[in-house]
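Note that the chains are named A, B, C and D in the order they appear, and that numbering of residues resets to 1 at the start of each chain.
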Amino acid sequence: MMKTLHKQKNAGTGQSISASPLPFFKEINQEGTTKLLTDLSEKTGKQFPRLTNTGVDPAQFNGNIENFIGISQVPTGVVGPLGVHGTAANGTYYVPLATTEGALVASYHRGARACLLAGGITSICLQEAVQRSPVFKFENLSDLSLFVSWFLAEKQSFQPIIDSISRFAKLIESKIQIEGNHLTICFEYYTADAAGQNMVTICTDAICRFMIDQCPIKPSHWFIEGNSSGDKKATAHSFHHVRGKKVTAEIELSGAIVSEVLKTTSELMDRYWRTSTMGVIQSGAIGAQGHYANGLAALFLATGQDVACVAEASVGITRMEANKDGSLYASVTLPNLIVGTIGGGTNLPTQRECLALMDCLGEGMSIKYAEIAAALVLSGELSIAAALSAGQFTQAHQKLGRKKSI
Amino acid sequence: MMKTLHKQKNAGTGQSISASPLPFFKEINQEGTTKLLTDLSEKTGKQFPRLTNTGVDPAQFNGNIENFIGISQVPTGVVGPLGVHGTAANGTYYVPLATTEGALVASYHRGARACLLAGGITSICLQEAVQRSPVFKFENLSDLSLFVSWFLAEKQSFQPIIDSISRFAKLIESKIQIEGNHLTICFEYYTADAAGQNMVTICTDAICRFMIDQCPIKPSHWFIEGNSSGDKKATAHSFHHVRGKKVTAEIELSGAIVSEVLKTTSELMDRYWRTSTMGVIQSGAIGAQGHYANGLAALFLATGQDVACVAEASVGITRMEANKDGSLYASVTLPNLIVGTIGGGTNLPTQRECLALMDCLGEGMSIKYAEIAAALVLSGELSIAAALSAGQFTQAHQKLGRKKSI
Amino acid sequence: MMKTLHKQKNAGTGQSISASPLPFFKEINQEGTTKLLTDLSEKTGKQFPRLTNTGVDPAQFNGNIENFIGISQVPTGVVGPLGVHGTAANGTYYVPLATTEGALVASYHRGARACLLAGGITSICLQEAVQRSPVFKFENLSDLSLFVSWFLAEKQSFQPIIDSISRFAKLIESKIQIEGNHLTICFEYYTADAAGQNMVTICTDAICRFMIDQCPIKPSHWFIEGNSSGDKKATAHSFHHVRGKKVTAEIELSGAIVSEVLKTTSELMDRYWRTSTMGVIQSGAIGAQGHYANGLAALFLATGQDVACVAEASVGITRMEANKDGSLYASVTLPNLIVGTIGGGTNLPTQRECLALMDCLGEGMSIKYAEIAAALVLSGELSIAAALSAGQFTQAHQKLGRKKSI
Amino acid sequence: MMKTLHKQKNAGTGQSISASPLPFFKEINQEGTTKLLTDLSEKTGKQFPRLTNTGVDPAQFNGNIENFIGISQVPTGVVGPLGVHGTAANGTYYVPLATTEGALVASYHRGARACLLAGGITSICLQEAVQRSPVFKFENLSDLSLFVSWFLAEKQSFQPIIDSISRFAKLIESKIQIEGNHLTICFEYYTADAAGQNMVTICTDAICRFMIDQCPIKPSHWFIEGNSSGDKKATAHSFHHVRGKKVTAEIELSGAIVSEVLKTTSELMDRYWRTSTMGVIQSGAIGAQGHYANGLAALFLATGQDVACVAEASVGITRMEANKDGSLYASVTLPNLIVGTIGGGTNLPTQRECLALMDCLGEGMSIKYAEIAAALVLSGELSIAAALSAGQFTQAHQKLGRKKSI
């Protein structure tokens, strides 16, 4: 199972490996990029003609990347239109998906088509909040309780601190969690149309510094994030609560649509759903869904979201139920859609165009974006469950996937 | 909390929304792409100059995308070199990261530098397996048990079926799971240097068809995947077991390196680790780690991996311990690195170059790739924990991040 | 692995097994008990001299049991005194533990002794709430949203309904959770000194009937409990939030006490804690603790609590940290202590005496009880971690356990 | 939320509380018990007439309890007979339940009656194993890998060590888990008819001492249990795998039985199951079930099992499905039934009689016991789901429960 390793003799001494680090260039400039590429070519003997053939001015990526060497290219397809009835999304939307996985776009497109024929998906953003959770460690519970008393009396005075920093951030709530002499305060913010992780960090940092400065009882240590906010990871708490946008979407498909577009029956879909829900429970997943990650990763990538947030966004619950009249009810609930339409990568060249294609570029668009995203995810759940229920899954991958050397 | 919706009157009738679906083009060709882009421009009034300015022949993306409209561009930086002592990786490696999140490359680069100075990271691939888990439903437990008896007697005869389909796939094990009259068989494969999800689907489908054909007892239904294999989701079972490659990596940093490169102390790192582990347990995460998703999403994107697998790959355990001599022990364990160096998006233009930069392109490279990936992740865990332990986290994002409109 | 079963031929027909059910006696009376015991002896050939030798008037068990046949006897030991500094518990308490597991009382007694020598345990009840979570299913999200709007406007009017039913119950909060067309409302109550599961059921039922009656939009179905309240099961949500009482307890033990009473060192305890926390994370537990269930099951049994609630009460977080001066900090946090000092089994003969022994019988005592329970649990965590850290664990079970036929 | 505490000034000094510990009596004897009771009465002013009115010779509890002061009495009812078709259980069984929760016995009895009328429950023990999981910490991964190599070559030689200790224990498997420089070895045993936790501790301790003695590479530390075996806690791993006995049970009830005995319909049961499964997923439970803990706690208590194991035994999956002919399929799967019919409390006076009532006393009976237990649990799941589906739940508790002061 495991090959024996020679002992890592010189750990910590720096002698076993003589290489020196690459230079580091925070700002993008031609000189730095050339220096990096020359170094890399010398050291690896490789050339990077495609990566460096960007056709764009690299300077526009400043602030989004360091040690810039080029541009990765990901093929992008389109699905839709998605018909969406929401609180902000209302109408038909074309959705760009960037992926290298054959059959993915085709599958989501099929689901979207079935839902469009059925009159569109109801998709509602239920709740919004982004968290930052500093943790304070005290000598003992007595000190902690004095600090908490001070905090509870003072917590109404934090919004002005935030206002002095951010035009957008609003403190929704600050909830305490005590574990022995550890106090975690979960600060929950409304971050408008930004995904908001940096915004909440900076605001929370200011509040914490104010508290440390003002409160007569000082913690022995504190950290701006105690790793309980669910940042970049699937957690049971974020799944139950909200992180970013919480959206639910539903559709009712007639028996005819299920049969003609999805090539299966409502009864088979219901049966597959029931069986697969038992399976996902056995696997110890958080929530119960099929492949949210596929659609979300491709959408996030095309539209300048933080792709690492797929880790937390890809949880939720999918439900399917056959009705007596042969129709099918299906819904998805995504509590952790941490997305934005300003900030992050949303303003970069292709990303802007993809957001614009969805009519979601800029301020006032993030709820619409989230509602479309949930509708997309529902389309994908329907399509994969149809394929699996009717035995089409394997064939779809054989036909549409790249001829892989298997 | 929730705005009242007008009733979705015409659900299922197709009347409420009159739009027609986009045409669908499985193969990439100029005509199809032009048709799609024209349609989209007409319907949305938008233009897509950057997305379509690909500078490459789109035909090479055939099999990786459908309904192709262009190419998404993601800025890419480099970190390293990472010093790695593994079973397949041995030496120094330059790692490309594609991301739009400012400060990410800088943070991983800093961690890599500290580890290089310390003599390099020990990183070992411990185990490999990719699963496909069909589920069979029987009339009752008696039928199920007869089927199981037949299966147990027959299971040695499946490898020849696989051999007739795939040059690479080897059946490692097939484990049964019974829940009432549901039987799940988890087929575990060695998939060589491919990530392997399609390979295991096709092989398992063939085995299932053989079983259904040959076994005198027939299930009332069966599905090629019962949603228990952990595909595209974080699960407690995959975390405990393996999905793709299971890798652990460790480093010992001297007190001097912790202080000079990471700008903190081993004691603070230890304290932060302890406190944050309590936090992540409280959040109900699977495993206990900081931000594996950041490094993995950027690496997967640059190197043609299935980015949706960030959902499952971003689980594991990070551990940090201060030693009495002031040095710091740190390790990461990633049980679900589902990665490949052939197939999928690995052969596309920029992706090939990025794999080549890591010296990981092609056959015989996937274990090396996984060991470098784990080393990268360890670098990132060290860097973020250092920043959080010493109060640098907020400032790093303020300095390096794009001036966001907060 | 599995023996083949003969087919269960007559399932559903009643013919395969000809036995008739036992008679059913809701009320306890001599005639009924005699009838049951006679039947059982006839059918099984067994006698029950000890079970029926109750020495008490069975009538006092009316309302706590049906189909009464006798009394189970469980040997009971005492530990303590526990020194407790809490919000309600303050002083020294003797704690009765009913168990059949040798070494359990000894282990908790040792931990209690160490903590008493250290000046007593700080134990604080942080929060109280008992939940009942009815679920309402609607035609679609539009109907659901109209119902929610009505509910949000009306929710302040529920307390009078409750007041007409219960002297004690106070509605703390009612939180909605939406999943497609499913609406769950989690009603959280303060239940004074009763564990309160029945109280919250009856109150919630009344509120639900009022809502169904009054709201112009009706659900297509509703159920008084949608299985999300955490009743009788460990859940990530109850662990993060509260169910019953949430209590945290801490102690600081000098190096001398650790050495003399616990026969180990603070450093070893710290190291064991760190290592075992990694282990429990790997196992996919909810929270991270050692053996809360041992102390709680024995305490619940002796004092008339609902022993089935061990399922939910036995989650939490234990933390241990060596200080530089050789002392040891330790804490436990139990968010799901669903306990009472009135109602349930608290008024039965031996149970009353055991509650009285703890000075916790009757009204106004439940918070004190919870604080003592947490202190007990902390004693047990210290004792087992000491044994495991110093290699005493196996021997303790060999010496103190019944000479088991191994 | 939290009252401010006065500072716990004298923690660690022993001065704040002046009480002295109770004396400790490992062996039960009249003198010791009298001494304890006298002390307790003096200190608390309470008397314990019922607790001490045991009517039995306390000496028979030696080895099951320390610091003995008396006997707790729990009222006990009977349900059944349960009709069971299993691999070891075959026929009709009367099941004793010790509880103080009104309505519990009635509910399980109703479920048992429905299943008896339907021809009995199929209940099959699928697998058996009890784990002990020592953890070994090494300097680094290199040392760890050398130890693993030695272990893998040597693992076939452990059974003789076990044979010299135990007549019953058989080592099924020993699986390694690596996390950085931590090596956990999960030893899995067959423990015959004992629950076996002590047996596996003693055997594993002997194997570990052999390994430490013989292997040229020594760990820097090791602990006999790294808290990953699932002992006394619900874990995702034990749920997926097995701990103790793994049993599944199923029944098919005709529409007439559902209607006449359970007072509901199969369709309502199906609907409730579906809805409640969504609820329990939202709560973040391990598995998906209703109230296994109720039946198991009462059964374990009556029959001398370790009641603390309710924490781990109360996980599993319940499934219910309406068939087109109006009948209902239902199943339960319990992977963690850690039970025995010898050892522990099984030989105590009332416990013996209760095991004998089930025809499960002594050697060769544990699989039968587990199959009956699963059938009991299925009866309880059916009864509670029937009550909840048809709106009887609240009334049942109002009618059968003790008139509680609500």
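Everything below uses one rule, namely that a residue touches a chain if its C-beta (ideal position, glycine included) is under 8 Å from a C-beta of that chain, and two chains touch if they have at least 3 such contacts.
Since this is a predicted model, take the numbers as computed values, not measurements.
Common neighbours of chain B and chain C, listed by label, are A, D. Chain D has its Cα centroid 40 Å from the Cα centroid of chain A. Annotation: 14 Å between the Cα-based centres of chain A and chain B.
Between the Cα centres of chain B and chain D there is a gap of 37 Å. In chain C, 1-3, 5, 8, 11, 122, 124, 126, 140-142, 145, 177-179, 182, 236-237, 239-240, 252, 277-278, 282-284, 286, 317, 319 are the positions where the chain touches two or more neighbouring chains simultaneously. Viewed as a contact network, the protein chains are fully connected, with every chain touching every other. Listing the residues of chain D that touch chain B in their complex gives 122, 124, 126, 140-142, 145, 177-182, 236-237, 240, 248, 250, 252, 284, 317, 319, 329, 331-333. Across the complex, chain B is touched by residues 1-8, 11, 140-143, 145-146, 148-149, 152, 176, 178, 236, 239-240, 274, 277-278, 281-284, 286-288, 317, 319, 321 of chain C.
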